[in-house]
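A, B, C and D are the chain letters, set down in written order, and residue numbers restart from 1 in every chain.
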């Protein structure tokens, strides 16, 4: 069965979301992944949006984390603080993030490119809720394209915490113990983090992708967890639901 | 015109409440005073109850600070924190308190009699919201009967802050500057506080009461602000409204 | 952090946000049916030694059935959050000094033993003057702040009351200075109760709740509690919740048990439903004067009663509740 | 208090709770009629140099008319709280680099220059990359916490995010240790904006407000702001407020001006009323690519327009708004 890289990424992301768990998502890929998970193996997955939507029945893809779709037929429409504080209490299991740059410890930059903070070369939006969600949810998932300008040795600006400088650094900074980066899903592979070193490593290669291709697309030394797996292709059911129910207008999967 | 001591106290208390101001009240006398003020000179007086009622149109005297009367036809029914935080922001002008004991600095005891905290001679309810309201509203009004067991040199337990140990003590403790005890209305007199010493002093004697009577009923050295005034008697209008509209069942004025 | 001053009172519950997170990580998140009886909820969720908190405002929107059941099941050695605790506290005190062991062992006090304008509870005073209950002093707001800190997932919050008083000295608060302005503040430790009970107007079977009127400290309490029992006037279809999510004030994932208990705040007031039964409350206070009279009263109304429905029946049943509904709506004085 | 670490970012507004109290002591408390026009409200309540905060979520329930008017009246040198500020920020940026002086001078940033899934704003990026705006970095939650601290009448609140990052280093937060548990926390300074604008569904003439759907940070913002302009879809009779006080989420005493602005969140989404006009937002983003094109676009839609009603007219008027209402209710794709 044919599928594109985006469809594969969404399916990989969806499979990571366990049934009966909570996930704080944004618009786009994360939202598509959560919707797909709900319609396949995780009907009791609870989706939350940082602007206040709790467990909506999403009729279409939201265009904003705060638009009315994010609390369509929800069980609660509340405040941003109420959502973030549920995260801070330890009630939210997963969050999905992205960024312009990511380093080996899963630290993300979504603030700027350049080295003058007050006059950056490129200004991006900033943290939004990403810093909060990455600090407070249990497991951080990242979905992003894989290229060396994105996977860098050192991010220009550390907007959102991964494992910071390595083992124990999150706890030393005061971030809640037991939290941190969990998986990175790219157009080439699924990556995780080494248990001792907290550095990123390849877990599985997407069909047709070589280990060397991934290492070359990564700007830092990347580990490999052996035995290296092969990413399962999307099933016909996953693709049908994704294409017909989750994203019929191909807003995401058409990118 | 005939009136009893309670009626006079309520009228005195009501007159102190300026139009267009906010007042946090409890049940009983304070509530009767606020209702009387609204029906006489202060129609725009805003009444708040600590359990969450904002600007109710009280149909009858509430029996609890949280009962449904306290938000009957209110403009908002909210949380205790929302009310207390309006006080903390400096939005609430007056509060009315009472207590088992009061000292020269207006400190109140509503916790216990005795000197063993864990096994008191008499256990009273405790602060309730009194400590908060006395800490956070601008002006504290006290309505109480006047006798030497109540007006004491030293309270057995300082539940609720007056001027604490005297000038500057509230600010030194961290309480908001500019707040503090304002008036005490008893069955004998209206009392205030000396501007420099922060000690209680008589402002006006109720009709038929002598200075000596008040001094004798007070367990601490009490100042007198000269010229000592005579408390105005309730007017016919005040008494009519109090008896017919505010407390027709004589719950308070019949005590 | 520089601590400028420190209350002497014992802290009955661990304020650590990290420890609370560990517990909350194990709490169920799925939409599962939580409807049960009060007897089962209390048996399963309230354990000897637990720290308990009760929603509402003493006589207003209180989960009476849960407090009755706790005493009836002889739960022992509880901690308790006493923020304007009036009739709820009076009920729990029936588990002390009356030959049923000791229900209350530790109390954080903002307001106990009184029933506001109704007077003081003689038996609650006997309990609190006996020395058998360890106490720490607070105020209504600072006790609410303790719950808010927990609801926010924090170990403490600052506040500007308690300062300078014996209430502070007998609390477990501390004085700190603001790192930005130097303003002195009371640092108020978080309170994560082991178990809480809240009475609401409407809930669905998953625990999504609505209420009308003042919320007191209940929205924070619901989020702060490790386990939460909801009693509701009416179970409503889940679909109704989804039709108007703005009205949901407690989400299902805070809730462990949902019990439909019509007139569940009786003899307290339930806003927009029924007024408090002042006659019954007066009789209760009078019965407390003499321990023997009180024992008989409790046998009639609490210990010797099967469940809350039977209690309502002994208090006059539907005709009395109809009068209280009329009083609530000011239709009639209801006598 | 022992400060373990400190962000370098400038603090644009005084976090002192005592100073805020002094201001709030002067704020009117009586129920007085506050209905006025947006033009008058902005003229009277927004001053050059003020620190401004905007309710809603960038493109969702935003007070568009107020942001237009601020730019049209050439307010200068403002501070701004940029929590997921998207179209609102885009509008305010029209006051910079386009020959109308400098509307924005200082920005607390959680999220600016982006429009979420819609892409980045070329002109907002030009403004933010020009170096003429002084910035301090935050996150959506910590910026909301700053408003919550102010709403609570405090100088700071703790939180558990920002820690360990460059976002912290460029913020004005500090790191402290919990006095009870030793847990490291970010101390987040209160933000008392000089003036705020919030769009709601319904308000009475005194400023009592209701809204439906998510409240984002608006309930705290309303309480934190020194002055507050409310725009509403509909003025409602005061009597309606008194009929159901549970639904009031912003009380009148927070509010300084009430303006009835139907479709006031356009081109943003207003939950339960109308969806966002994605076509107009796309055209706006496209127009921004070239400064000259953008100047003409703004002349047509903002600078050369009398008021918000005329803007709506130029955007397609009632027929277009009817389509957006159909989209909101999923009745029809509305094209």
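Everything that follows uses one rule, which is that a contact is a pair of C-beta atoms (placed from the backbone, for glycine too) under 8 Å apart; a residue touches a chain by one contact, two chains touch by 3 or more.
As the structure is a prediction and not an experimental result, all values here were calculated from the model.
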At minimum, the number of touching-chain hops separating chain A from chain B is 2
Averaged-CA centre spacing for the pair chain D and chain B, given as whole angstrom: 40
Averaging C-alpha coordinates per chain, one finds the centres of chain B and chain C separated by a number of Å equal to 28
Can you tell me which residues of chain A touch two or more of the remaining chains? 53, 71, 77-78, 81, 88, 136, 176
So which bits of chain C are touching at least two other chains? 17-18, 153-154, 159-160, 183, 185, 212-213, 245-246
Among line, ring, star, complete and other, which one matches the pattern of chain touches? other
All pairs of touching chains, please: list them by chain label. A-C, A-D, B-C, B-D, C-D
Sort out for me which residues of chain C touch chain A in the complex. 17-18, 20-25, 27-32, 150-154, 206, 208, 223, 241-243, 245-246, 248-249, 251-253
With touch defined as at the start, can you tell me which chain D residues reach chain A in the complex? 56-61, 82, 84, 86, 109-114, 116-118, 120, 125, 128-131, 134-135, 137-142, 144-145, 148, 159-167, 170, 175, 183-186, 212-220, 269, 271-272, 275-276, 278, 328, 330
Along chain C, where are the residues that touch chain D in the complex? 1-3, 11, 15-18, 153-160, 174, 176-181, 183, 185, 187, 189-190, 211-213, 245-246
Which part of chain A faces chain C closely enough to touch in the complex? 19-22, 44, 46, 53-57, 71, 73-78, 81, 85-91, 93, 136, 138, 176-178
Can you check the complex and tell me which residues of chain B touch chain C? 26-28, 49-53, 59-60, 63-68, 70-71, 77-81, 84, 88, 107, 111, 117-132, 135-136, 157-161, 164, 169-170, 172-176, 251
